[in-house]
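So, here's a batch of structures to check.
Common to both upcoming complexes is chain A, partnered first by chain B, then by chain C.
What follows is the complex of A and B.
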């Protein structure tokens, strides 16, 4: 242990070991914390059209436009091991063609130290709400839920769902003209 | 002074044939332990590549280039919106790490189609899929991201970008293990 090389080697190996141990402890320290929070979701004025989906295979599909309200306070989900939250609003429903459909209508990234209160009022969906086919006419059970992905500094990528949901009832007619 | 007169080679000069063989055995043990850990991880996670390095910035700010992602592959767990999937497009080797934004499942978990999008991208991944392909299916998925370690994968990226660096580092490491006594 007298040459500079063996000293440098020991320091380097020790640094690596300590770093990996600390990373592992960081991961363990927050693994069992709950990641949920209450949310308030509502939607109004759903309108339906049947349009050709040019971005996909060119077949006609139902397109929905509606007005969304999302309120949530996710500050309780943030702990020292959370780098960011990826929050997304999903429309979940079941149709004759597909027994499960999930379409993400809106998403938001909140980094640590940013504002953790979400208040969105009367916003349109961020992404087009396009169904796989024409199955949404008179659909009475489209559930909107808010979910988030907890991205840690190091460790487990957890998924959680906000407490609270909203059921949208689709109209019985298509609208003509523009949205 | 010749090359072998340096102090680091002191130990190898003091070794007899048996100890030299022991050094090689030591080296082989290290290599096979690494291989066992890798294969063991493959079995535990069920994925062909249990650890991937993030190569692009399309999932920023969650994953930056050089971060390490641990994958699991559970075929019984259906793909749902929000999952971070690692998938390969048919005909291309490079795995892509993006998030699922749309799922349409006909009857069972194997009969589903889904659409992905990188968090940092403005548009979904249809431009990345094969011509005529508008959806992904569960068989395109290599694994799902479950664990994350930052920065560690930078070593792999550097070694791939500068192959001479890879050979030098591996060569020096091998030499050091062979020469050093303990």
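What follows is the complex of A and C.
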């Protein structure tokens, strides 16, 4: 503290300590806040094809095309410790081959201070819905759920699920030709 | 810094940056209080406005305020200079004194 450099060094180091303490208190002030929200999901007109899955072992797999409707308002999830939300729609089902399959059909990133209302009507899936095998024919219990990652400014990555789901029933036969 | 100052031209040399020990104590207390108070205010303001940037700007302002008050060697940091003994001449052996006891209030 005898010279200007010594005082500047001390002040800067103490400022960094105060910054880290305030950031930690910011994290503590938000860990118990609820991060779910109600969502409305529906899907219609599922069509099945059997195609060769070139990304996998080259055998034929089931491919689904359907029409999705997603409505959600996630504004209640945002607080001063949330940087952005990574929202994704998952099709969950179990087959004889795998106990749990989860296929991401659609996703979106919403930053803080962006529009937080999601209205998607009659959209096709953003990513191909390809099954691991041929077990989707006549599957009556494919559940669509909307989940999100809460990406914080300080702290750990939290995962939450929207309240609301939809069950899709797959058709009993394949279609030929284009989707 | 004082070594750098000795190599400057003479009209610039009075700008030394030392402060005495009591002044150092005062300086340390001043910036600690300023920064902690701004940290608390920043947390409350950020929580109320739900924006972390408000907290960061408040702490940054506290940092600049502390720098302004503590970094330059203001006169109120030099109110208690050390009371050095006058220069002794070397010829009288009995008057060899030990160095005066410094108030070792280093950080």
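The definition used in the following text is that the second predicted complex is superposed on the first by the 179 of 179 C-alpha atoms of A that agree within 3 Å, B and C clash if a C-alpha of one lies under 4 Å from a C-alpha of the other, contacts with A are read in each partner's own complex, and residues count from 1 in each chain.
Heads up, the rule we're going with is that contacts are C-beta pairs under 8 Å (C-beta built on N, C-alpha and C of every residue); 3 or more make two chains touch, one makes a residue touch a chain.
These numbers were taken from a predicted model, which means no experiment stands behind them.
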item: Overlay on chain A: chain C relative to chain B, clash or fit; value: fit
item: Chain B versus chain C as contact partner of A:8, first or second or both or neither; value: second
item: Superposition-derived comparison: chain B or chain C, residues of chain A touched; value: B
item: Partner chain(s) touched by A:118 [first = chain B, second = chain C, both, neither]; value: neither
item: Touched partner set for A:29, first chain B, second chain C, both or neither; value: second
item: First, second, both or neither for A:79, with chain B first and chain C second; value: second
item: Which superposed partner A:21 touches (first chain B, second chain C, both, neither); value: second
item: Contacts of A:153 with chain B and chain C, given as first, second, both or neither; value: both
item: Partner chain(s) touched by A:137 [first = chain B, second = chain C, both, neither]; value: neither
item: Touching partner for A:104 - first (chain B), second (chain C), both, neither; value: first
item: Spatial angle chain C-chain A-chain B, Cα centroids [nearest 10 degrees]; value: 40
item: Minimal inter-chain CA distance - chain C and chain B, angstrom; value: 7
item: Shared chain A surface residues [contacts with chain B and with chain C]; value: 3, 5, 23, 153
item: Contacting residues of chain C [partner chain A, same complex]; value: 1-2, 17-19, 24, 27-28, 31-32, 35-36, 38-39, 42-43, 46-47, 49-52, 55-56, 59, 62-63, 66-67, 70-73, 107
item: Residues of chain A defined as touching chain C within the complex; value: 1-5, 7-8, 10-12, 14-15, 18-19, 21-23, 25-26, 29, 79-81, 153
item: Complex contacts: residues of chain B adjacent to chain A; value: 7-8, 61-63, 80-84, 99, 101-107, 112-113, 119, 126, 134, 145-150
item: Chain A - residues contacting chain B, complex; value: 3, 5, 23, 27, 55-57, 83-84, 86, 88, 90, 97-104, 109, 111, 127, 132, 147, 149, 151-157, 159
